[in-house]
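Look for chain A in each of the two complexes below; its partner is chain B in the first and chain C in the second.
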Partner chain A sequence: MKTKPKITLSVADEFSRTPGPRYEVEGDFSGESFRKSLLFPKLNKTIQDNSLLEINLDGTAGYGTSFLEEAFGGLIRHNKLNRETIKNSIQIISDEEEYLIDDIEKYLDDAAREAI
Partner chain B sequence: MKKLYLTRKFVSYNKNHAKSLHIRALKHKAWKKGVNISELGHSPVERRQTHHRGLNNHSYKRIIAPINFSFIDNPNEVSSFIYKLKDAFNKRLKVFVWLDDVTKIDYGAIVVLLSIMIKYKSSNIDFDGGLPKNKGARKLLIQSGFFANLYKEFEMSDAYKIGEYDNEGICTHAQKNVDSLLSSQLITNATKTIWGETRRCQGVQRTLIELMQNTNNHASIGLPGEKHWWLSSYHNRKEKIVAFSFVDLGVGIFENLNNKTEKSKWYNWRTRIADRLKYGNNAELLRLILDGSLHRTVTESDFRGKGLPGIAQVLSRNQIQNLHIISNDAYANVSEGRYIKLDPPFDGTFVYWELTKENENKA
Partner chain C sequence: MIVRNILISLFLFALVFIGFLLGDMYTIPGIKFDNQVDPLHALSILVTFAIAVLLSVFFEAHKKKDSTQKEIMIKRVDRVLNTLEELHKAILTGKIDFQTAVSLPKRLNKTFDYIWESLKINKINVKIEKSEIINLIRDLKDLLTNTPTNEERKLKKYCPITVNDNLLIYASPRVTEICSKLEEINNKLFQTQLNINAN
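For the complex of A and B:
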């Protein structure tokens, strides 16, 4: 089976080591800002190129849940991406906090359910 | 003119007047000497306190702090004290906080006291206070920056900082937004105290962000970003423990839930949970909130690490310890599983936890 080419995105290296709140108005380094400036543009390119976006969550000071929910759930709510498309296009790395992967999967499921 | 000043009548008046002024000056000198002797060995703060009681006692409402001034050990009495301060604030009364008899004070009580002090001062209502006689309590209160700021003027601001990081110092920050950089810096400082080097504590960072986000979104109904959160960290270098105290003087957890609109999943939540309750009080509900079951019952979905149950999860992952939560009329010593009803209620949310060598961390 042919593996998809990878694009990488490290939150700590490319966005901030201190991810913050949900919305831009609530403080710096928000999930909204991360989605708008990095996650969606890179994911969009990944989808167009039929490649895989590897998102590395390690190396930060830690995450609030609202940041992750807005960054990933927002892809469905605001960027109108399909749950299946996202699932097939991203791979999340979180060795330091493994439970984040499961949480993000659920944020995506919830957002998809609410979008119906 | 000269002729007038030399008249017998004027000379006599002048002589008597000078004599009475001289007597008054001598009396004042003797009184001042007595005061100076009585204040020998007292700090400037104590001297001000003594003068204050003598001069303005009647114009200030005196509010007596509990002997055990610890919000986590003595929640009812501290809540009653806060209630009196809030009542006086609403009536715009000048207050003098009587701390003389305090024998025990902790960082949680201090951050609440500081937040109330700034609330008074930024509203131009006089707020004053005395020193505890107890040495330990006095030392802690001085370290907190309470007295250093007691006679300063404060304007309404989105951010405040009280105290400096020094040996065993308490530093307190206040803001309205979520400040993940500040919380990260506080954690970095804490890890230096505990492990002697910089480490990351993602559980503490999550706890702080969730609390700041909660205050920003929910502390005042319908007005996000209206209320300050107050965060204090105390470094006990001897025992290598850092204590965090977080407070907002907002509406509190239950008042916020009670005011959810029809659009919210939480609208009319009490009816949906009623059959699961034994006593029906908020202390019992706080237990259900923290174990996530209230969220599951009301919203029919998992809490996904969010909010207060997410903070309880941080505790269960051993990322923090000694977690206490107080909001409205509910008190929880989460670490020991002790939940009690608070009387009178505390208008706001208070959270206390500690970070020690035993807790999970990353290099």
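For the complex of A and C:
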């Protein structure tokens, strides 16, 4: 089986070691800002190139629920991406907090359900 | 501890020696001592005695080591309980620093990874699964940091959390929910401490 080429995205290295709140108006390094400046552009390119986006969540001080919900759920709510397309295009690494992978799956599922 | 055991052994050997001397010097009515000692019997007594002493030294050292390990782990859980108590005090004020709220669940998760790994290595069985506590921490994280979306804000009559000036501000019902979750975690940790101690 041919593996897809990978694009990497490290939150700690490329965005911030101290991710912030949900919206840009609420403070620095928000989930909204992460989605707009990094996650969506990289994911869009990944989808166009038929590659895989490897998102590394390790190395930060921790994530608020609303940061991750806005970043990932917002891909469906605001960027109008399809749940299945996202699922097939991203791979999440979270060794320090393994449960975040399940949390993100849940945010995507909830956003997809609300979008129907 | 080892020196003390050696001294006790020497003392017991001395007692045996004195016993031999007394046996030669006095005669006790009704008890007859044999003048000849079978060397094999003597050797057998000495070996049995030496093994008994060695076993007691070995088990005492092990017992001491196990009890120290248990004490260290119970203290580690105690530190988590203290952290949760600090959080409890802060929450009662209705506001908390944003980075504290966001980083605390991750720190707790790391600590629990460490504690459960140590329990496994030291073969200490606790009835509580790590996942039970991690799930409670996840719930706590949601209660502490899940601010509503703009859409949710429009639908709901009250907003449980707002962010202002790097502070998370909680409505009174949310404070109650957080305190109740903290109590649940505290109870699980207390149960964990009892389990460690009972091992």
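Going forward, the second predicted complex is superposed on the first by the 116 of 116 C-alpha atoms of A that agree within 3 Å, B and C clash if a C-alpha of one lies under 4 Å from a C-alpha of the other, contacts with A are read in each partner's own complex, and residues count from 1 in each chain.
What we mean here is this: a residue touches a chain if its C-beta (ideal position, glycine included) is under 8 Å from a C-beta of that chain, and two chains touch if they have at least 3 such contacts.
The structure displayed is predicted, hence computed values, not measured ones.
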item: Superposition on chain A - do chain B and chain C clash or fit; value: clash
item: First, second, both or neither for A:Phe15, with chain B first and chain C second; value: neither
item: Which superposed partner A:Phe34 touches (first chain B, second chain C, both, neither); value: neither
item: Partner chain in contact with A:Lys106 - chain B first, chain C second, else both or neither; value: first
item: Touching partner for A:Phe72 - first (chain B), second (chain C), both, neither; value: neither
item: Which of chain B and chain C A:Glu26 touches, first, second, both or neither; value: both
item: Most chain A residues touched (candidates chain B, chain C); value: B
item: Overlap of the chain B and chain C footprints on chain A, listed as residue numbers; value: 18-22, 26-27, 61-67, 69, 96-97, 99, 103
item: Partner chain A, residues of chain C touching it in the complex; value: 98-99, 101-107, 109-110, 134, 138, 141-142, 144-147, 149-150, 163, 166
item: Chain A contact footprint on chain B (complex, rising order); value: 177-181, 183-184, 187, 200-206, 209-210, 212-213, 216-217, 224-225, 301-302, 304-307, 310, 362
item: Residues of chain A touching chain C in the complex; value: 18-23, 26-27, 61-67, 69-70, 77, 96-97, 99, 103
item: Chain B partner contacts - residues on chain A that touch it in the complex; value: 16-22, 25-29, 60-67, 69, 96-97, 99, 103, 106-107, 110
